[in-house]
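Shared between the two complexes below is chain A, which has chain B as its partner in the first and chain C in the second.
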Partner chain A sequence: MSRFLGSLRDGIGFDLILVGAAMLFLLALAGLPLVYNVLMSFQQVDMFTLGSLLRPFAGFANYVAVVAQPEFWLVTKNTLIFVFASMAGQFVIGFALAIFFAQNFPGASTIRGLFLVSWVMPGLVVGAIWSWILAGDFGVFNAILKSLGLIQATVFWKSDPNFALWSVVIANIWLGLAFNMLLLSVGLAAIPRDLYEAAELDGANAFQRFWTITLPMMRSTIGAVLSLGLIGTLQQFDLFPALTEGGPANTSTVAGYWAWQMSFQLYDFAKGATISVMMFVLVLFASVVYVRSTRHEVRG
Partner chain B sequence: MTRPYVPWLLLGLALALAAVYLFPLYWMYVTSLKSGSEIFANPPTFWPMAPDPSVYPAVWTRRTMGTFLWNSVVIASGVTAITVILGTGCAYVLARYRSAWIDFGLFLILMLQVLPASVMITPLFVGFNQMGLLNYPRTAVVLAAAAKSMPFFVVLVRATFMSVPRELEEAALVDGNSRVGAFFSIVLPLARNGILVCAILTFMSSFGEYIYSKSIIQDTALQPASVGLSGFLGPNSTDWNSIMAYSAIYVTPILAVFVLLQRRIVSGLTSGALK
Partner chain C sequence: MKLTHLGLMAGIAFGAMGMAAPAFAQTVIKVWSIDGANAPGIADTLSKEFNEQNTDIQIDYRIVPFDDLVNEALRAFATGQAPDIISLDNPDFALFSSRGAFLDITERAAASDIIDTSVYYEGPLNSVSWDGKLFGLPKYTDTIALFYNKDLFAKAGIAEPPQTWSELVDTAAKLTDPSTNTYGITFSARAGEEGTFQYLPWIQMAGGNYDNVNVPGAVEAIEDWKAIIDAKSASQDVLSLGQWDSTGTFNSGNAAMAISGPWELNRMATDAKFDWGVALLPTQTEGGERSSALGGFNWGIFATTKHPDEAFKVLEFYISQDERMFPEFSSIPARNDIALPETGVPLKDAALKVFQEQLKYAQPRGPHPEWQKISKAIYDAMQQVLTGQVPAQQALDQAQATIKGITG
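Right after this comes the complex of A and B.
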């Protein structure tokens, strides 16, 4: 007994308690719901059996039903567009800004810090602001584009089926850009300066230096940024109710919002769970990439 | 290559980029100060003709923002407390060892946060219902949101712990400290700044928590400000200066804290953290 107590103070027991408390909490509030979701996707669920665990087994019927939904392929396409366009925008602009702010000029880190305000803003507020900026008749975005001569006719960003999804993408890029920039800035700062100086002496131009030094040195950072970006983008929810509510005619519905609509607007909990399990497989892939990318990190 | 005026050109460009990027925030404040008719002026005015802050007190009382914001503070404080207390120790252990088990633990923690909140609600709702927690809806939201924010906190704080030199801790052990003593008297103080920064970020992000609150809290008197905002958002909303005033009241405290602590937050995150 005293050995056990001793190990709590001084040995492996101390570590186990620290990890175990957090793990138990996470397993109860995130692990169990995950299992419950998987379970539910293989069962017949209705309002009356929502609270019970034992329900008629449905096999893959829910999966077949979800794929047979008329909007399934539209939502899949939207999800892919939303995820790739958001990630590409956040990553490319974030990387460009990170490189720009890595230059040596007065106020660089302070101004870069200001960009991070978008990161701490509630998603719903960001959605509300962009909803007003992108409004069709009175939105300032259209006014600016018109005064620059980029568009002639008013674009109804939120209600035109061709643009509704892109209005959420624009808001999401704004929201996630700063976080990408911050992570990439950290990666850039970790690259030793003398590598660049040596390359410059050898006659490498800026593009060659970027290609042969920056990119390879940042491989693990880029992996982390992209996988965290994928997870974050798939989880994005707040912008949809604030901007388009998935409309018009599902043209801006993505998997996460669709799953929520299935469960909480149509009360088809089995289908909602099934969609979420399908998403989960995708995210599993991203997490493997992330964990692999942490392998390359330098230990302090 | 480096001419004396180049840094100043870069500074100018940086300011221009920041102005473009922060325009949405500016637009929020400007819209809230415009009159109802000026909002729909075409083309829009970029500076309000007659700035009128009277919408602020009106929105504050009509939308009972005092209650909403108080609930947001309660929920965010609860989430932060649980996340910091449970997450810090976990991050420390994950940073100290290097083994397949640690990789597995990290992987598990990441996997547990990846399901979108929008689909976790059904199981959580059912579970909380069984435990009778729905009678204490804010507590239920705090628990759910803490589970959501903890993995990110653990990943960030783990990086902070990794930058604490191991030798210091080993020296303390050699000097006769126990693991517990070394943890509290050496490691925690050294990682304090990183933990504080991550705690502030956790608070800020849970201050905007929306989806759990919307689904779990039915009583208006207990709802946070995000749910209050969604109450008058929608495809047909026209009351834009009220909505922007509400948003401004909601985010200005967070933005003020952020700008004040910006330097510390950025340096806390960039010094060795976030690998």
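Right after this comes the complex of A and C.
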């Protein structure tokens, strides 16, 4: 008995308690809503059964109905474009900025700190600001492009089906840039300086040093940044109502916004849940790929 | 020992409070509305006045943001926490009344000294009725008409606002002047209820309705809109602008005409530095059938209320103050027995007369319990055509098929 108590104080029991508490917490806060969501996607839900758990079983009817929606494939395509373009933009520009600010020049850390402003601001505010910037007739962005001679006619970023999704992508890249830069800066700082010095003595140029030292040493950081980026982008919501509301003609609707629209604008809660379950499967798939790709990583 | 003593004291104190409470017993009626979020509105002002009367009923008023109103109400109703009275946008009303979530007040209204259902305009009254029963009362109403800049019309040598759709297209083109950043017209073709609100009247003028959207005239109407945008007589941003923002460009002189409602009047009276007027919406052909959109809010009592009599009394009080609706809150009562007094602002008074005329043609959206889905089918089709992605006939046929699937 005393051995058991002892192990609770300092031993395997203590570890189990800590892990168990975290697991319980996860189950209650993430697991239950998830199960509820999956359950809802297989049920017939209306305003009268919104609060109850036992509802008529619908089988795969909700899934069939979602796929049969005329906008389903458009939304799928938009979601993929939005996720990959946003992640690519956030990562590449964030990485470039992180490397830029890793150079020691006066004020480097102060200016880097200023970049965090975008990260601190609520998405709706960022959306409203970009909504003004990207406005068609009197927007700042068009004025700049016109004065540079890059465009002649007004570009309607938010109302042109060719650009609407990209206007949200631009705003989202700006929003997520600072977070990417911050994480990548930390990763950069963790690389021992003497590796670079040794490489330089051996005659490696800047590109070779980046390719053979920076990238391999930051493998786990990059993996984490990309998977967090995927999750952050998939759950991005605020920018859509602020910028395009999914329009024109659904050309900027992505899965997350669509799920919200189904549940809270059309009051079709079952379909909303169904779409989010589909998204969850996508994220699950992405995380499995991420976990597998970092499995053989050398630790230390 | 001391602790028990304290506990006993506390017990006595609580007991005393419990006994004293019935002396102040008042029935609390919970009321939800969007009024009062930005400026004093109807529901918050009237509730405060009602409470000051110190009757045995007290109103517990809560402001709910417009976008959350239906959601909050649905959630509250599902969990048994619904308020006693709610004020909803008229197309959202059928969602609740058709499912028996609102109290049937047909008999109470018939027996009431204050309420007379025969004075209400037909459209607003339809929106609170379901299956021949009365589930609420109209709070106020509004509609859309054509605002026009008289100065720009005079400059272009145009005497009258356009009477037909094709005249509208031509007039908009004549008034467009890129050199001064002036568009001929502005409206809202947004992906949302406002888009449906503005396009549905055109479908109705052509003899269609929300459940019959692919009539030939509806195709012609949306092609006219597309022609206006393609000719750059209207900004392409009408696809993403709400009515309030869209009319902002009219107020600043950057659009010669605007389609919007009486909620613009106060702002326009101060912002617009030119002579303006309001005209009825143009019809498909000269002297053709008129139609307009019906906006406005309704009052409803939730069927779950524990105090239906008291809630009805509160409703009666609200209705008894309808005469103050326009002078104090710039909202038009949904009834024909109230003469609207002059405001002293000539442009506004002239505009109000046109809006009252236009209201005679206003038709409610629905009523249908799944209105939101029907609305989405309509504004999706409208946007597909305006962005040139799908031909008008095909888009409206598709919308019609979707709507048929909803209405059965």
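What we mean here is this: the second predicted complex is superposed on the first by the 254 of 300 C-alpha atoms of A that agree within 3 Å, B and C clash if a C-alpha of one lies under 4 Å from a C-alpha of the other, contacts with A are read in each partner's own complex, and residues count from 1 in each chain.
Just so we're on the same page, a contact is a pair of C-beta atoms (placed from the backbone, for glycine too) under 8 Å apart; a residue touches a chain by one contact, two chains touch by 3 or more.
All values reported here derive from a predicted model rather than from experimental measurement.
**Student:** Applying the document's definition of touch, where does A:Gly246 land relative to chain B and chain C: first, second, both, or neither?
**Tutor:** Touch partner of A:Gly246: chain C, not chain B.
**Student:** Kindly classify A:Pro70 by the partners it touches after superposition: chain B alone (first), chain C alone (second), both, or neither?
**Tutor:** second
**Student:** For A:Asn205, select first, second, both or neither according to whether it touches chain B, chain C, the two together, or no partner.
**Tutor:** So A:Asn205 meets neither chain B nor chain C here.
**Student:** Considering only the touch criterion stated at the top, classify A:Ile129 as touching first (chain B), second (chain C), both, or neither.
**Tutor:** After superposition on chain A, A:Ile129 lies in contact with chain B alone.
**Student:** Where does A:Lys158 make contact in the superposed view: on chain B (first), on chain C (second), on both, or on neither?
**Tutor:** Both: A:Lys158 reaches chain B and chain C.
**Student:** Kindly classify A:Leu50 by the partners it touches after superposition: chain B alone (first), chain C alone (second), both, or neither?
**Tutor:** After superposition on chain A, A:Leu50 lies in contact with both partners, chain B and chain C.
**Student:** One more residue to check, A:Phe264. First (chain B), second (chain C), both or neither?
**Tutor:** Both partners, chain B and chain C.
**Student:** Comparing chain B against chain C, which has contacts with more of the residues in chain A?
**Tutor:** Partner touching more chain A residues in the overlay: B.
**Student:** Figure out whether A:Asp137 sits in contact with chain B (first) or chain C (second), or with both, or with neither.
**Tutor:** So A:Asp137 meets both chain B and chain C here.
**Student:** Can you pull the chain A residues that chain B and chain C both touch?
**Tutor:** Shared contact residues on chain A: 50-51, 135, 137, 158-159, 244-245, 247, 264.
**Student:** Quick one: in the complex, what on chain A touches chain B?
**Tutor:** 9-11, 14-15, 17-19, 21-23, 25-34, 36-37, 40, 50-51, 97, 100-101, 103-118, 120-133, 135, 137-138, 140, 143, 146-147, 158-159, 174, 177, 182-183, 185-186, 189-190, 220-221, 224, 231, 234-235, 237-238, 241-242, 244-245, 247, 256-257, 259-260, 263-264, 269, 272-273, 275-276, 279-280, 283-284, 286-288, 290-291, 294-295, 297-300
**Student:** Give every residue of chain B touching chain A within the complex, in rising order.
**Tutor:** So the residues of chain B touching chain A come out as 6-8, 10-11, 13-15, 17-18, 21-22, 24-25, 27-28, 31, 39-40, 42-44, 82, 86-87, 89-90, 92-94, 96-98, 103, 105-124, 126-127, 129-130, 143-144, 146-148, 150-151, 154, 162-166, 178-180, 183, 201, 204-205, 207-211, 215, 226, 229-230, 233-235, 237, 240, 243-244, 247, 250-251, 254-255, 258-259, 262-263, 265-266, 269-270, 272-275.
**Student:** List the residues on chain A that touch chain C in their complex, please.
**Tutor:** Interface residues on the chain A side: 47-51, 70-71, 135-137, 156, 158-161, 164, 244-251, 264-268.
**Student:** Contact residues on chain C for chain A in the complex?
**Tutor:** Those residues of chain C that touch chain A are 70-71, 74-75, 77-80, 95, 99, 101, 181, 190-192, 235-240, 249, 254, 372-373, 376, 380, 383-384, 386-387, 389-390, 398, 402.
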